[in-house]
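Quick heads-up: structures coming right below.
Across the two complexes that follow, subunit A remains constant while its partner is subunit B and subsequently subunit C.
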Partner chain A sequence: MSNPKQPAALNRTFHPWLEEGAKPFIEFRNVTKRYGSFTAVDDLSLEIFEREFFALLGPSGCGKTTLMRMLAGFEDVTEGDVFLAGENLADVPPYRRPVNMMFQSYALFPHMSVEKNIAFGLKQDGMAKSEINDRVADMLVLVKMEQFGKRKPDQLSGGQKQRVALARSLAKQPKLLLLDEPLGALDRKLREETQFELVDLQEKLGITFMIVTHDQEEAMTVADRIAVMDHGRIVQVAPPMEMYERPNSRYVADFLGDINLIASKTVGRAKGKILLQSDSGQELQVTTGENFAIDRNVWFASRPEKLSISRKKPAKSINSLEGVVWDIAYLGGVTIYKVKLDSGEFVKAAVLNSSVSGNDIITWEERVWISCSPQGARILTS
Partner chain B sequence: MNALQPIVKRATIWLPYLWLLIFFLAPFVMVVKLSVSEPAIAQPPYIPALDWLDGPLGWWEDIKKFSFSNYTFLTQDALYWKSYLSSVQIALISTVLTLLIGYPLAYGMASAPRTLRPLLLMLVILPFWTSFLIRVYAWIGILKKEGLLNQFLLWLGVISEPLTIMNTNWAVYIGIVYSYLPFMVLPLYANLEKQDSALLEAAADLGCSKMSAFWQITWPLSRPGVIAGCMLVFIPAVGEFVIPSLLGGSSTLMIGRVLFDEFFQNRDWPVSSAVAVILLLLLIVPIMLFQRSEVRAREQSA
Partner chain C sequence: MNRHWSKFNIVSVVLGFAFLYIPILLLIIYSFNASKLVTVWAGFSTKWYTAAFANQGLVDAAWVTFRVAIISATIATVLGTLAAMALARNTRFRGRFLFSGMIYAPLVMPEVITGLSLLLLFVAVGMDRGITTVTLAHITFSMCFVAVVVQSRLASFDRSLEEAALDLGATPARAFFSVTLPIIMPAIVAGWMLAFTLSLDDLVIAQFNSGPGATTLPMKIFSQVRLGVTPEINAVCTILVGVVTTGVIIASLSIKRQEVRAARAERLATQT
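And then the complex of A and B:
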C-alpha cells in the first residue's frame, strides 16, 4: 500500500474551504443532468475555490466527466445552475468561457504543427502576431518542448503530445483549467513524474485546476481536495489525508486504498472509546470523538497497514483476532498477508519490510494473531 | 510450406501489377499501336503498323514506318482541341457543382445519429440498382419542354414560358451531377465520419465559433476526401459519352462523342485511337504532377 502525499500540501496553509465567508470560484447549485431516463448527475452541489487543485474521483460512469464537461460548456444542465466567478454559465457558449480543457485524447489538430496548435486559441482572440509568437515560445519552454515546435502531432510520442496539449490549454491563460484523465495514456513511470510536474505548474501559474481521474493515487498526489463520486452524487469532499484517514462511508474507504470491514454492533462506551461486538461475537474497541447510539449496526473498519500480525498473542489483547495465513503477496516494500479469521472473515494486513529478509518470516497456513489499536480503527455507519 | 511462403508473399504483391498489365497496359499498347497505323478500306479498317510475325528486325523496320499523321491531323482540325477544352470545362464545372451538393450531403450523413447512417448510406447507393442508361433517359422526361420540371414550375407560377433545358449544356451538367453524386459523397462521407469530434470541441474550447471551426479544422482535414471525390467525378466526366449524347444539344462538344463518331460513323479507327491516347495523357499528366507534389509536401513535413 503506497500512500503518496504531496509534500507541499502538508506545510501549505491553503484551505479556503475552511474559511468563514470565503467566496467560491466555481459553484454547482443543485445540478442535475439527465440523458433520457438515465441520470448522470443527480442534484449535486459543490463549491470549488480559486487556486485550488480539485480532483473528481470515481469509477467510469459516475458522472465525473459530465460534471467537468458542464464547466467547459459541452453539456447543458438539465436542472440547477453552474456559476463561475459569480457568473451563471447557462447561456455562455463554450467559446466564450474563460475556461480551457485538456482532453483525454489530447485532441491535437493533426494538420497543424505544435506551434500552430498552441497558437490556435490566441489566434481566435485576434492577438497580434508578434505577441502570439512570444506566448507560444514561452509555452514551449514551460512544457520543455522548445525543440519540437515545428513537428506535427503524429511525429510526437505520447508524453510529448500530452505536453503540447497542456501547453495549448494553458496558452490563453485561462482562469480555470480542466484536465480530463490527462495522464491516462502514459506509462506508469512517466505518469508519476508528470503528476508532480502538474502540481509544480499549478502552483507556479496560480490557476485553478480541476482534474477528472479514476486513479486514486493520481488524485491524492495532485489534489488539494478530492471529491469521490458515485452514481451522479458526491459521496465525500475532503483533502487527501482526511479522506484516507476519515472516510465517511465504506464506498469511499474502499475506493481510496484498501480497507478491512467487520460487521459489528455498538454495545457500550468507555473513556472516549466505543465498544463493539462483531457479528461473530468478538469484542472490539474504537477510539473516536463521535458518539454512536447503542445497539446500532455498524462496521469496524481498519486499513491493512494499521493491523499488526504476530505468532504469539499480543500482551494487550484489545482488538486481537486469531486466524490462519491464507495468502501472501510480497510487493517489495510491503508484504500483504491475507488472513482467514476463525470467525470465517478475511482480513488483510500490510507489513512494512523494514529489514532485509529475516529467515523467520510468517508463512502460509501458520496460525497468527491479528491486532489493531483502538486508534487505528474507525466506525463506519454506511 | 515454408519454402513456398516467400513465393506466395511475392505473388500477392505482383498480382495487382499483373492485373494492371493484362487489363490496362496491354489494351493501351494496342490502342497506341492502332493510333500510329494507316486507315484503310478493309476489315478491320486499318493497315497494322506492327506485324508481330515480322520478327525483331522486321519490327524495327515497322517502327521506322510509324505514321504520326493521325496526331498531326488532330491539331489541324479545330473541332478536336475545342472538344477537349469543352470536355474539360464541362467536367470541371460539373465537379464543382457535385462538390457543392455532395459536401453538405456527406456532412449531414456523417453527423446523423449513428443508427441512421447505414440507411442514409444505402439511399445514396440505391440509384445504382437501376440501369445507368435508364436513369439518364428518365431525365429527358423531366427536362424536356413539356417535361415534369417545366410543368411543375408553370404550375407554381414561377415561370410563364417553359424553360429550354433539354439539349443544352445545362442538361449535361444536371445529368453529370446527378449520375456522379454518389462517387463524390462516398469518399467524403468516409473521411468526415472518421474525423474525431473531440477536435471540434477543442476548437470551441479555445474560442473558435462553429463556422470558424469548420473552415479551420473540418475542411482542411477533409482535403483527402475532397480530392478523391473530385477525381472520381472529374476523370470519368471528361470522357463521358452517354450523358452528352442523350441530354446535350448539337452545340455540346465533348470528346467522348467525337471519339464515338470517329469510330462508328467515320470508321477511322486510327484517328479515334489517337483521340483516346491524347485524352489519356491529358488526364494522367496532371494527376501524376499532383501526386508528386503531394509526396513532396509530405516529405517536407516529415
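And then the complex of A and C:
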C-alpha cells in the first residue's frame, strides 16, 4: 500500500526505495528459517538500500533478530538467498563478511582494555601497528571516550560500554552495521540522547545501518524506513510517518502508537469519501483515495490525537459521537481521555495541554462529544 | 544481622571443627615427637623430617607421585576442557545424552571398579604396568572432574563474546584462543588443580595399575603403615598437608584480590 506522494513535512530527501531501477544493497529473497518445527522467518523478501538507516520492529519472537543474525552470518538460511552488494552470502563465514554487529549485551571482551577491544578487529586484518593506533584513537574521539582507552570494560558505566561497543563495531569501517537492541540497557534520558547521536553518526559516516528494536519510538526516531514484523513475516515497510499515518493493518496501527477502532460496514461513496455505518448504527465518513467495495466489514480507525473532545455538540456533526468520560490520564504535555460511547465502545482522545490549565476542564463522568474529521481517520480492512 | 553467637552456635562450631581437624592436628603434633613410639610424647624434635628426607624409598615415591600428578592433570585438563566444550556448545547432537552420561559416569563409579577394569585393559593389550599405566589411569578418572568444572563455567559464558570475535574477523580458532580461552582460564586452572590433588592422593586406582618402580607416595605410606605407624610417616603426611594448605591459601588470596579489584572497578564505573 505504498503511496508515491511523500508528505511535504518529510524533510529528508533521501528515499532510494522510491527510485526506479535503484539497486538494493541488501536483498532477502524468499528467505525461510526453521528451527525444527518452529518457523522463525517465513518466506520473507526485503530490499534495503545503501546508506539507509533501516529498522526492524516487532515484538520478541517475531523473527527480527534471526533476520539480522542471518546477515551477520550466525544463522544459516533454511530456504532462499541473502545478497549483500550483489554477492550471495550463503557460503561466506561471519569472519569474512564486510558486516559488523553491535551486540545487545555489548559483548565487550572483559580481559581486554577499551583500546584493545577496539583494535581487535583491525588486528585480525593484519593492519600495521601504527595504523591500528591511529584508527583506535580516531574511534575513541568519535564516541567521545578519549580518556577511557586504558580502562577495562568492568570499569565503565552502561552508557560508556555502549559507546565502546559502537566504536569497536565501526573500527573496521564496515559496509553495513547491525545494531541489535543497542540502547536497550540504557535509561530513558540517555537512550533518547543516544538515538539522535546514532542518527548523526550514520549520516556522517555514510554507512548502512540496520537496527533491531522492539521500541517503536526508537525505530521512528532513528530510521529512514521501518519494517514491522510479526510471526516471521513483514507486515509493512514504510518510512516512519507513512507507517504511522497510513498503517496497512490493525496490527501495525496498534504496534506503532495508539489507535481507536470501530467495527463498521461500508455503505456508500461521496466526493472522495467513503461512508460507513458502525456496528452500533452510527454514521461515519472517511476521506480516502482508495476504493472499497460496498457492504464490506471494515474498521474505522483514528489516532487519539486526531479526536477532539467537547461539551457541546460540534457544529459540523460529521463523525461526532456522544459518551461519558470514563478515565483521565494527565501526562503533562497531553491529557488522555478515555470515553465510553453510548454505543458501549471505548475510545481514547488525546488533548494537547497548550495553555496553563484553568479551572474549566472536562472531568470525570461528564457527558461529552467526541469528533473526528473525515481526514483524520482511516479505513482498515485487516 | 545478629552478631552475637548463641551458646548453641559456639558449641556446634567447636564440635564441627574438632570433628574435622583433631585427627590431622594429632598427626602434625606427633610428627614432632622425639619418641619412636607414636603414641607416647617424649619432647619436641624435627628428626623425623630429616629421616623422611633420608629415606630413599619415600623420596622416590614422592617424585613418582608428583610426576604422575602433573602429567595426568595436564592431559586430563586438555581432554576435559574439550569434552566440556562439546557438551556446552552443541546442545543437540546425536548421542549427546549418551556422551554426557559416559563423561560423568566415572564420577560415581566405585574406584575399585575403575581400577580393576583399567588393569584388565592394560593386561589385555599387553602393556607393562608402570608409571605410564598409572598416569593413563589417573587421566581417565580425573578428566570427568575437569569437564564438570569447565562446563559449569561455560554454561554462564556469554556466547556473543565469541560471536563478536568472529564478527570482527577472527577465525573460529583465533576466537577460541584470544577470547574464549582467556576468559574460562580460571575454571581450567581450577580443574587442573582438582585433577592434580585427585591424582596426588589416589591409592586404590594406583594400587591396581602400578608396577615395579612406580610406587606412588600414598601406596608407600599405606604399605609402611601396615608394618606399624612410624613418626617418619607422620612427618611426610604433615608435609603433604602443608603443600595442600599452601595451595588453598594461595587460591583464596587470589580470589580475594579479584573481589577487591572488581569492587574498585565498580567504584570507577559509577564515578564517571
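Everything below uses one rule, namely that the second predicted complex is superposed on the first by the 372 of 382 C-alpha atoms of A that agree within 3 Å, B and C clash if a C-alpha of one lies under 4 Å from a C-alpha of the other, contacts with A are read in each partner's own complex, and residues count from 1 in each chain.
One rule holds for everything that comes next: contacts are C-beta pairs under 8 Å (C-beta built on N, C-alpha and C of every residue); 3 or more make two chains touch, one makes a residue touch a chain.
Since the structure is predicted, the reported quantities are computational estimates derived from the model, not experimental observations.
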**Asked** Clash or fit: subunit B and subunit C on subunit A?
**Response** clash
**Prompt:** Given the touch rule stated above, what does A:168 touch, subunit B (first), subunit C (second), both, or neither?
**Reply:** both
**Message:** Under the stated touch criterion, which partner chain does A:35 make contact with: subunit B (first), subunit C (second), both, or neither?
**Reply:** neither
**Message:** Let me test your reading of the model: by the given contact rule, A:364 touches which partner, first (subunit B), second (subunit C), both or neither?
**Reply:** neither
**Request:** Look at A:346 in the shared chain and tell me whether it touches subunit B only, subunit C only, both, or neither; answer first, second, both or neither.
**Result:** neither
**Request:** Considering only the touch criterion stated at the top, classify A:107 as touching first (subunit B), second (subunit C), both, or neither.
**Result:** both
**Request:** Considering only touches as defined above, state whether A:330 meets subunit B (first), subunit C (second), both or neither.
**Result:** neither
**Request:** Identify the partner contact of A:124: answer first if only subunit B is touched, second if only subunit C is, both if each is, neither if none is.
**Result:** both
**Request:** Could you let me know whether more residues of subunit A are touched by subunit B or by subunit C?
**Result:** C
**Request:** Please indicate which partner A:72 is in contact with in the superposed arrangement: first for subunit B, second for subunit C, both, or neither.
**Result:** both
**Prompt:** In the superposed view, which residues of subunit A touch subunit B and also subunit C?
**Reply:** 72-74, 93-96, 99-101, 103, 105, 107-111, 120-121, 124-125, 152, 155, 168-169, 172
**Message:** Show me the residue ranges of subunit A that touch subunit B in the complex, using the header's touch definition.
**Reply:** 72-74, 93-96, 99-101, 103, 105, 107-111, 120-121, 124-125, 152, 155, 168-169, 172
**Message:** Could you list, by residue number, the parts of subunit A that touch subunit C in their complex?
**Reply:** 72-74, 93-96, 99-101, 103-105, 107-111, 120-121, 124-125, 148, 151-152, 154-157, 160, 168-169, 172
**Request:** Write out the stretch or stretches of subunit C touching subunit A in their complex.
**Result:** 158, 160-161, 163-172, 174, 178-179, 182-183, 262, 265-266, 268-270, 272
**Message:** Per the contact definition, I'd like the list of subunit B residues that touch subunit A in the complex.
**Reply:** 196, 198-199, 201-209, 212, 216-217, 220-221, 301-302
